[in-house]
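Common to both upcoming complexes is chain A, partnered first by chain B, then by chain C.
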Partner chain A sequence: MNEKTATLKKDFLFGLWQNVPPFRLMLGLCASLAVTGMARNSLAMALSVAFVLIGSNVAVSALRRFVPDSVRIPVFVVIIATFVTIVDLFLRGWFPPLSKAMGPYVPLIIVNCIILGRAEAFAFKNPVLNSLLDAVGHSLGYLWALLLIGCIRELLGYGSLFGIQVLGAWFQPWVIMILPPGAFLTLGAVLGFFNLVSRRR
Partner chain B sequence: MLKEIVLLMLGSILINNFVFAYFLGTCPYLGVTDKLSSSLSLGAATTFVMTLTAPIVWLINNYLLVRFNLIFLQNVTFILVIAVLVQLVEMFIRKTSPVLYRTLGIFLPLITTNCCILFLAILIPIREYSLVTSLFFGIGSGLGFMLALIIMAGIREELSLADIPPSLKGAPLTLILAGLIALSFMGFAGLL
Partner chain C sequence: MKKIAMLLGILTLTGVVSGVSLALINQKVEPRVLEQQARAIREAVLAVVPGAVQFTEKKADAETVYYEVFDAAGKLAGYSLPGQGMGYGGQINLIIGVTPDFKKSTGLKVLENVETPGLGGKIGEKAFQAGFLGLVLEPAVALVKGARTKDNEIPAITGATISSRAVVNIVNGLIKKYRPLILKENQTVNPQ
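And now, the complex of A and B:
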């Protein structure tokens, strides 16, 4: 029992630091660049990815004995696409402005390599409970990574956080941070910093 | 008509470049741009698939999904079309041109998960392109992706011997370079 809890804990923590998707795996970068102009959009994107990742990991893991090896990738893609459609329609129905702000990047979650990567590398080989925890761990890892980038860009680009003005009138917004180049520069700098920290350890 | 097509091509290559304006295909962008030759192959393969995808998606969307009121199936259908198409292209190239097949190698199947292609498919109904304009939109976007790959590969080949801080090596440096290139590409915005 103890051993089992230990593996569960390990599976959960793996995605939180050791395997943080955008920084360690270099996966799911499109979304982490495109919608992180504001912290609110980052949060929405991370939660959408979390829903799809958890749903698809559990579904893939539950179906792993019934899916033949040779057609597993198309099956994964259809499962993922179904969950993404649920998210897309949900956002369109309940949060139209948010859905508009993220635009076509919501359907793009289908080709977010993190989700297919976890399905292939973990969920297809492990029991449902472990896969669930693996998905939750990676979702939280993705969440903090996206929030970090979103907060940096919004703070420097608008002087606000989650739409609330934080920096005073003296602050001259760095317009570049909300434009495409700012996304690349921020992610590059954060990644460099992350490497520096993990090197020191 | 001709003017519209030229503007669309120029726009999708330079101004709305998939990599620099929409951040698409970032994963292969970081992965393969350390060599000019592999960038060229990946760029060519992607352009090829995009050119085929655009009109096929247009036909399926207008004659199947819209007609039978199945628009909510768009995402699922498009990704399946792309996966099937990539598979067919792979089989076709393997049979007809083994040399090209060997050059493209692993990049061909990976194109399925390149977000450029799905984004292209999703944009076609949103922007209400016609069959012809969607074809040229596909070609232009593919060429834009290829241009981005080639520029970055050229720079990275030059940088391979440069003395850069160890924690910035690889992906961080590539992203910062991409930021600078994106900045210069913003200058094209006033072109049209």
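And now, the complex of A and C:
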């Protein structure tokens, strides 16, 4: 494997584990807490973030030679806001129930720090292909993280996964898991688990 | 000076490119969004009156509308009345179907609610809404704890009395508002 593909691979894998957004970067927590009551919403949020992250990383990277340092942040924000608005319009037109379920959290992707963070920390300094892979890696990292939280909360809170009942009638749903405190409890437990695992290594 | 002009130029260009592309996309999406909203209303209006196939929109005043609903034979099957009010977590939007004489409800659908999932959120579920099928509206709908004993009663959802009461209040408000309005109108149209 030559050096170039090795860097590409490294850039891709970085966000998947070592830098996985909510657990290691501690970024994008607002959405991780707010819309993970059900696995379906987690999935929709992660895919929306993925679209925005990939789009903005590629755009920022492609424009990095034309944008002066002093105005880079406003330019990033406009680029991100453009992609977020596209996602919002798309969901409203094609998936109205999802759009309703996620409420203000779709427009709020604009202030999701993962996206601005990757634009600033990576895409502005690296070639387009690397930035693309970085974005895909972090998107997948965010996806599995949100799905993990969403599945735990939905399973304990409703006894279902993706809306399909998996636990029988004997199961008494823990309503607190769907409520905001449940998000904090789950995130705390998962974070603790990840710290434990990485300390062992 | 030259530098400031350049920065201004770049920021303006970014804004213009973003604005124009979003405007173009919006042009494609907006009809679809409106169509989706119209379809949601159409489905709800027909769903709360059994046997309904078509309806006409009526203006109650400058801001509110209700729907006259007809069955396959073209006979008046009832009215669909949309209404909203505050629940426990925020606004509740619902639509209720009533018989032409305003004596009974023919169904209720909660269109939007932000009540606590698993508790007040149950107002959005069939089990609660089924209670409105055939519910007697006179003298008014009453909320009861436990099982219903009279046919104008709705059992409150356990642990969600506020949300249940909010729905009942919206319904009673709608009936109070539309009953005199519509029945009076009918009398002037075809005096009996």
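Following the convention adopted for this analysis, the second predicted complex is superposed on the first by the 200 of 201 C-alpha atoms of A that agree within 3 Å, B and C clash if a C-alpha of one lies under 4 Å from a C-alpha of the other, contacts with A are read in each partner's own complex, and residues count from 1 in each chain.
Rule of thumb we're sticking to: a residue touches a chain if its C-beta (ideal position, glycine included) is under 8 Å from a C-beta of that chain, and two chains touch if they have at least 3 such contacts.
Please read all numbers here as calculations on a predicted model, not as lab measurements.
Of the two partner chains, chain C is the only one touched by A:K100; chain B is not.
Of the two partner chains, chain C is the only one that A:Y158 touches; chain B does not reach it. Contacts of A:L129 after superposition: neither chain B nor chain C is touched.
In the superposed model, A:P173 lies in contact with chain C only, and not with chain B. Contact with chain B, but none with chain C, is seen for A:L191 once the two complexes are overlaid on the shared chain.
By the document's definition of touching, of the two partners only chain B reaches A:P181; chain C does not. Ranking chain B and chain C by residues of chain A touched puts B first.
When the two complexes are overlaid on their common chain A, residue A:S70 makes contact with chain C while staying clear of chain B. Within the superposed three-chain model, A:T82 lies in touch with chain B and with chain C [touch as defined at top]. Legend: residue contacts after superposition of the two complexes on their common chain; A:G37 is shown touching chain C, with no touch to chain B. Across the superposed pair, chain B and chain C both touch chain A at residues 74, 78, 81-82, 85, 89, 179. Every residue of chain A that touches chain B in the complex is listed here, in rising order: 26-27, 29-30, 33-34, 74, 77-78, 81-82, 84-85, 88-89, 104, 107-108, 110-113, 116, 176, 179-185, 187-189, 191-193, 195-196, 199.
Chain B makes touch with chain A in their complex at residues 20-27, 30-31, 72-76, 78-80, 83, 112-115, 118-119, 122-123, 126, 165-168, 171-176, 178-180, 182-183, 186.
Listing the residues of chain C that touch chain A in their complex gives 6-7, 10-11, 14-15, 18, 21-22, 25-26, 29, 32-33, 36-37, 40, 112, 114, 116-119.
The touching residues of chain A, when paired with chain C in their complex, are 37, 66-68, 70-71, 74-75, 78-79, 81-82, 85-86, 89-90, 92-94, 96, 100, 103, 157-158, 173, 175, 178-179.
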